[in-house]
Every structure is written in structure tokens, then in C-alpha cells.
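In what comes next, chain A is part of two complexes: it sits with chain B in the first one and with chain C in the second one.
What follows is the complex of A and B.
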């Protein structure tokens, strides 16, 4: 029975099937954002390059990128809660209106029931007012989402440009380090006299073979080193020099933290605060820490 | 001689992370595509919801574009993630592959 035909208006417009679609889409986007942030959270936790000054700009830009996704995610969670709350309310109000419509339809053609019909329609209007009020809450959640997006867009980050500059600086730092250390490392390598074992150790040291290992897991590196007698001399040389390159005061780069509170706070001053609040993590040399000596 | 300890792995992990982020954000954009957000509630409410979802699409597109740009940048700095060729590589001699342990 069509509500608008019986009452002359529809006090509770909403298509339940559309609400299911909206809720589903918002949920999927939230999941995608959480997964994306988690991918960033998986890197930058292992020490090594992230502890040094050359890695800090990369860690900072990743943190900022992660915070943008976090702000969007937070706003979407509020939207999802608003949609779910709206769905529950719509179901209840539409059920009330359906009941009113059935009663009004039953009274059709009965001239003595005019007062009752009027009262029923007035009740339907009250339900409509309540519906409008709840709709305003839903609208507010999505307006806040638009506001969060506006701040992200306004930030106008040149993430790729910053990354490029940071990688150029990292390359330069590596070149400097190699130029400075090459003679001693070569002497050590030659004195080891075990080319195959040394190659394996070097692969581990530069991290090519460390992929897929859990952050901080140095067991594999220790195992390799244990199988390469004499390689500790090379490691000592690397460690000594790398300690000088990487000061201890730089923050450990973890991107998994998510601050709570208003989106505006997240995107404004607190962003900087959050970005620096993890600082002071102790220095480690990644896979080299505690290895083989 | 190779690069600094673990730099190669971290740079590879970074490139991989950007690729995964791009894929995840693309899945979010796919979820939004062709969705119709009318008849959610009252007309003003529909208007706000529709605008919010359009803005969300813009934001996701921008974030995904950032990750795509970063993937390109990482590609331009590929030498950071690759081991420098050794003398043996250059002369064609065999070397154990990464992580391979001599027994």
C-alpha cells in the first residue's frame, strides 16, 4: 500500500535496500583504508635506515600519509555508525507509518471516522518530524566527511616530490658512506678469504635476503653469520661506521598509532605532536643488533 | 662492496608497501564506483550523503594518486633496492643467491 497515496504524503522517505548498499560501500572503504594504513605500519619498525637522519624524512612523510588515511577512516566510521543508527530508526518509523496507513485505509468511506482519521494523520506527521530530525544527524555525519576531505585536499601534499628528495639524499648518504669506508671494508673482505660465505653475509647485511622476515628478527642473520667464520670482522667494521651515521635520538618509525578525537585536531596541530611523540626510541642496527660477535 | 646495512630491504619494503596501498585504495574506489546514493532519506539528507560520497571518491583518488606517484619515484631510485654488481657478477662467475647459505 503506497503511503503517499493513502496519507497524501510520505513522512518517512527512505529506501531500505539503498541503506544496505550505502552501509556496505562505507564498510568496504573503511576496510581498504585500514588495510592500506596497515601496509605502511609494516615498514619503518626495524631500526636500520629508519633510525638515521637520512631515513627520518621518509618516515615523516609516511606518517603524514598514514594520518590522512586515518582521518578519512575516522570520519567514515562515524558515517557508518550514523547510517546504521538511521537504518534502525527508519525500520521502526516506517513500521509505525505502515500501521497508520492500514488504519487510515480501513476508515476510507466512513464519514463518521473523520476525527480518528485526522488524528492518525497527525501522528504520521509527528513520526515525519522525528524522521527529519534523525535525517539531519545522518546528513551531519556526511557533511563532516566532506569537511575532512576538504582538509586533506587543502593540505596539497607533494608526497612523491618529498619522497624523491629523500631518496636522493639517501643515495648521497650511501655514496658518502661507501666512499669513506671502502678501503677498510675491502681490506677486511680480502683478509677474510672466504668469498662465498662473505657474499652471503653481505647479502644479509644490505637486507636483500632479509625480505619476508619479521621486523626485528635477527635470528636468520645470526645463523648466516655463524656459518661464515671470520665475517664478524666485516660486521664490526660495518657496525662501527653505521653507529656514527645514525644518531640515537631519531624516532622509531611506526605508523600504526591512531590518535582519537576530532578530525580537525588530527589534521591540525596535533599531527605534528603525534609525529614527534614517539621519538626517543633506542637505536638499533636492525639485523646487526646482537649479531654474531 | 654493497650499500648500508638493510637499506636495500627497507627500500624494497617501502616500494612494496606503496604498491599494496595503491591496490587497497583502488579496491575502495571500486566499491564506490557506480553506486547510487539517492533515496537514503529526506532530500536534504540525500544531498549531504551524495556530496560526502563524491568527496570521499575525490579523496581516495588523490590518496591513490599519491601512492602511484610514489611507486614511480621508487622505480626511479631502483638502484637503492638492488645489490650493486660485484666483480664476480660482472665477470660472469656464479654467486650464491640472496639468503642462500653455503653448507
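What follows is the complex of A and C.
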């Protein structure tokens, strides 16, 4: 039954299906904003790689951008609440109007029911007024959203320009740092790798690793053999095949998360007792001091 | 086991960088005093439970040769483990250096180091991570297990290594820790271990020797 034909007007015009679509769209936008904001927050958080004089301006800009997004997000949440509330109200009011329309239709042709018909139409007009008031609330929520967007657009700060300048400054600082520090850093890295290789030879001497070639053939190992007080014996030792005297059993690693003691337990002092003793009490040379616990 | 890297001279007031290392690792003794070094080397042989005389002599000679080699250069410590991991033998080495970064800005040091390592081209991957409260650079590379070319051209086993650079809060220094292993099947375990060790970095205001 068409409301406007029966009553002469439609007090609660609205299309509930379109409201569902609008509500879903707003929800999706909010989710995307929240995700973007939390990722920005993660990048620009203090205590991170940006927490220094060079990175701090970038982190500050990211936080400012994040705050703007937060304001937008709040307005959108209010819009969503207004849309949902409007949709619930529309359903209720349209149901009321449907009931009124049915009653008015029933009274058609009855000359004694004029007063009742007038009262029903008056009630429908009241529902219409309520509907207009709710529509004004919905419009206000979107006005607020529009204001929040305008505020971001109108803000006299040049976020993009400032970010660009901060990134250029960061790039220059990194280039300067690399020019001064990178060669020594890379030498240290190479040196660590070489020493790691030399230390790995111990695993071959212990009989648990086969390095695939005789350690004494490697230039790095030959260099340390030359400095050894027992060179000839060391040469002989490095030529031997030690796998045959490999230990029958090795202690279970305490640091594997799949073994009984998780790494975090070990490192936090809740250590698992194993066949391995805590070795290395009281070493010190140069700047290094190792001590068994 | 704890690696304690001394910043500055060895005095009570000198700050120390401390790294927690699981007890599975045997530190290669690097003391400058011969007696102390020899005693520590013997202790390593005991702790490892080696019974073969020839093997004990070989390891003893090698530990001494390694100590002499490391008496120069920037590497401050090295340690190794020989363990059973899920039923098979496994080994890895840990090496530590303290590197001057020329800045107390940890972010700059990390971003600069990461870029330098990327450009150098030796690493398969370079990344920036937050390890607890520390920004850090991680770099992974693979290379022949033994340093230097072999006279006969043999290549040998592959060693996978991961280096972590962790700037020391409040100091123009960074700890550089490298873990290497020829046991590639155990890589995931060692990678997690190294990140945990790097995460444990802390600065102590008093050298452990002076804590009573």
C-alpha cells in the first residue's frame, strides 16, 4: 500500500537497503584508517630507529599525520553511529506509518470515522516531524565529518613539504655517516666472518663438522699456523681426520625452542640443567671479559 | 655465559656492555696473561670432555694459535658450541666486536650501517629490526667455511652467517655479533638464538669484576 496515496504525503521517506550499503562503506573506511594509523604509529613510535636527532623530525611528522587521521577517524565513527541510529529509527517509524496507513485504509468510505482518520493522519505527521529531526542529526554528523576534512585540508602546515625536507636531511646524514664510518664497519664485519671461520675449525678438530677441505689448506688458517708456537704439530693435527674420534654423545642444546629449555628461559636465568657445564669462568683480554655464571 | 664488552679502560667506573649467551657456548680464551690463558684453555678441554690425547693436543694448539691471531684486530671474543640438536650433531660459532659508530644517534647508525651493508653486496639480505628496546641491523651471508683461498682450489663446505649490529644506548659504539654455522639445516634455531642474544644487550655501569 503506497503511503503517499493513502495519506497524501510520505512522513518517513527513506531507503533502508541504501542505508545498509552506506553503513558498510563507512565501516570499511574506518577500518582502513585504523590500520593506516596504527602502522604510522608503529613507524613513528619512540624508542625505535627514529628515536634520534636525525630521525626524530620524521617521527614527529608521522605522529602529527597520525593525529590528523585520528580526528578523521573519530568523525567517521560518529557518522557511522548516526547512520546506524538513523537506520534503526527509520525501521521503527516506517513500521508505525505502515500501521497508520492500514488503519486509514480500513476507514475509507466510513463517514462516521472522519475524526479518527484526522487523528491518525496527525499522528503520522508527528512521526514525520520526528523523522525530520533524526535526519537533521544525521546531517549534522556528516557536517562534522566535512568540517574535520576541511580542517585537515586547510591546515596551514605543509606536511608533505616538511616530510620531504626531513627525508632529504636524513638521506644526507646517512650519506655523511657512510662516508666516514662505512669502510671501518665493513672491515669489522669481514673480520668477524673470518674469525668465525677460524673458530669453526675447532668443530672439525672436535670431530663434529666436516668442512669439506683440509683446514690447513686455507690461507686464513695457514696464517695462524705460522704464528703458532707449535706449528709443525698443529699442521699435523689439522691434516688428521677427526670424525673417527667424534664424541659418542653430545649435550642436548639448551637453546632450541623445541628442546626442554626455551631460549627465553635460558636468557632470563631460568636455565635448564644439561650435561654441558657453564664454562669459561673469568676470561679477559683486551676489552673482552667473559664470565661463567 | 656472559660476554661483557668493556667501553674504555678497565676501571670500576667504566661502563660495560653485557650480552647473555647460552651456556652451550665455549668461549675461546683470549687473556693476555699466558698463565691465565693456558688455565682457561685447559678448562675448555675439560668442559668438553675430550679424552683422546691427540685431539686434546690439537685443540690446545689451535686455541693458542687462535688467541695469538686475535690479539690484534677488532674482534673481542669468539665462542663455539658443539651440541646435539634434535638428535644430530650441530655446531655454530659466535664472534663479537665493539665498533665505534661516530654518533650516539642509534637511528642514524642503524640506517647508515644497513645502507652500507646493502651497497657492499656481500649480503643476501639486510634488514632493520627492533630487538626489544634496541634498533638493530641484521645481515645474512653465505660463504666458504674456511677463510682465504685454498692452494689446491678446493671450495669446501658453506658457512651461513648472520651479523647483528646493535648500537649501544648513550654511547658512540655498537656491538657487532656474528653467528656462523655449517649446519644449514639448523639455521632457524641459530637465527632465533642470535636475535635473542642481541636483544639481551644491556649497559652495566659497573664492570662485573667490581660487583661485590
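Assume the second predicted complex is superposed on the first by the 164 of 293 C-alpha atoms of A that agree within 3 Å, B and C clash if a C-alpha of one lies under 4 Å from a C-alpha of the other, contacts with A are read in each partner's own complex, and residues count from 1 in each chain.
In this section, a contact is a pair of C-beta atoms (placed from the backbone, for glycine too) under 8 Å apart; a residue touches a chain by one contact, two chains touch by 3 or more.
Because the structure is a prediction, the values reported are computed rather than measured.
Colleague: Report for A:77: first if it touches chain B alone, second if chain C alone, otherwise both or neither.
Modeller: Neither chain B nor chain C is touched by A:77.
Colleague: Based on the superposed arrangement, let me know which partner A:136 touches: chain B (first), chain C (second), both, or neither?
Modeller: first
Colleague: Examine A:121 and indicate which partner it touches, taking first as chain B and second as chain C; both and neither are also allowed.
Modeller: neither
Colleague: Which partner does A:170 contact after superposing on A: first (chain B), second (chain C), both, neither?
Modeller: In the superposition, A:170 contacts both chain B and chain C.
Colleague: For A:107, decide between first (touching chain B), second (touching chain C), both and neither.
Modeller: Touch status of A:107: no partner.
Colleague: Kindly classify A:53 by the partners it touches after superposition: chain B alone (first), chain C alone (second), both, or neither?
Modeller: second
Colleague: Just which bits of chain A does chain B share with chain C as contact spots?
Modeller: 48-50, 55, 170, 173-174, 177-178, 181-182, 185-186, 189, 195-197, 199-200, 202-203, 205-211, 220, 223-224, 227-228, 238, 242, 245, 285-288
Colleague: Where on chain A does chain C make contact in their complex?
Modeller: So the residues of chain A touching chain C come out as 47-55, 170, 173-174, 177-178, 180-182, 184-189, 191-203, 205-213, 215, 217-225, 227-230, 233-234, 237-238, 240, 242, 245-247, 249-259, 263-264, 266-267, 271, 274, 276-293.
Colleague: Show which residues of chain C lie in contact with chain A when the two form their complex.
Modeller: Those residues of chain C that touch chain A are 1-7, 10, 16, 20, 22-32, 36-37, 40, 43-44, 47-50, 52, 54-55, 57-59, 61-71, 73-86, 89-91, 93-113, 115-117, 119-120, 128, 130, 133, 135, 139, 141, 143-152, 154-157, 159, 161, 163, 165, 176, 178-183, 189, 192-193, 196-197, 200, 207-209.
Colleague: Under the definition above, what is the set of chain A residues touching chain B in their complex?
Modeller: Its residues touching chain B are 13-15, 18-19, 21-22, 24-25, 28-29, 32-33, 35-36, 39-40, 42-44, 46, 48-50, 55, 58, 62, 65, 68-69, 72, 76, 79, 86, 90, 131-132, 134-136, 138-143, 145-146, 148-150, 152-153, 157, 159-160, 163-164, 167-168, 170-171, 173-174, 177-178, 181-182, 185-186, 189, 195-197, 199-200, 202-211, 220, 223-224, 227-228, 238-239, 242, 245, 285-288.
Colleague: If we count contacts the way the header does, which residues on chain B are in touch with chain A in the complex?
Modeller: Listed in rising order, the residues of chain B that touch chain A are 1-14, 17, 20-21, 24-25, 27-28, 31-32, 35-42, 44-45, 47-49, 51-53, 55-56, 58-60, 62-63, 66-67, 69-70, 72-74, 76-77, 79-80, 83, 86, 88, 95-96, 98-103.
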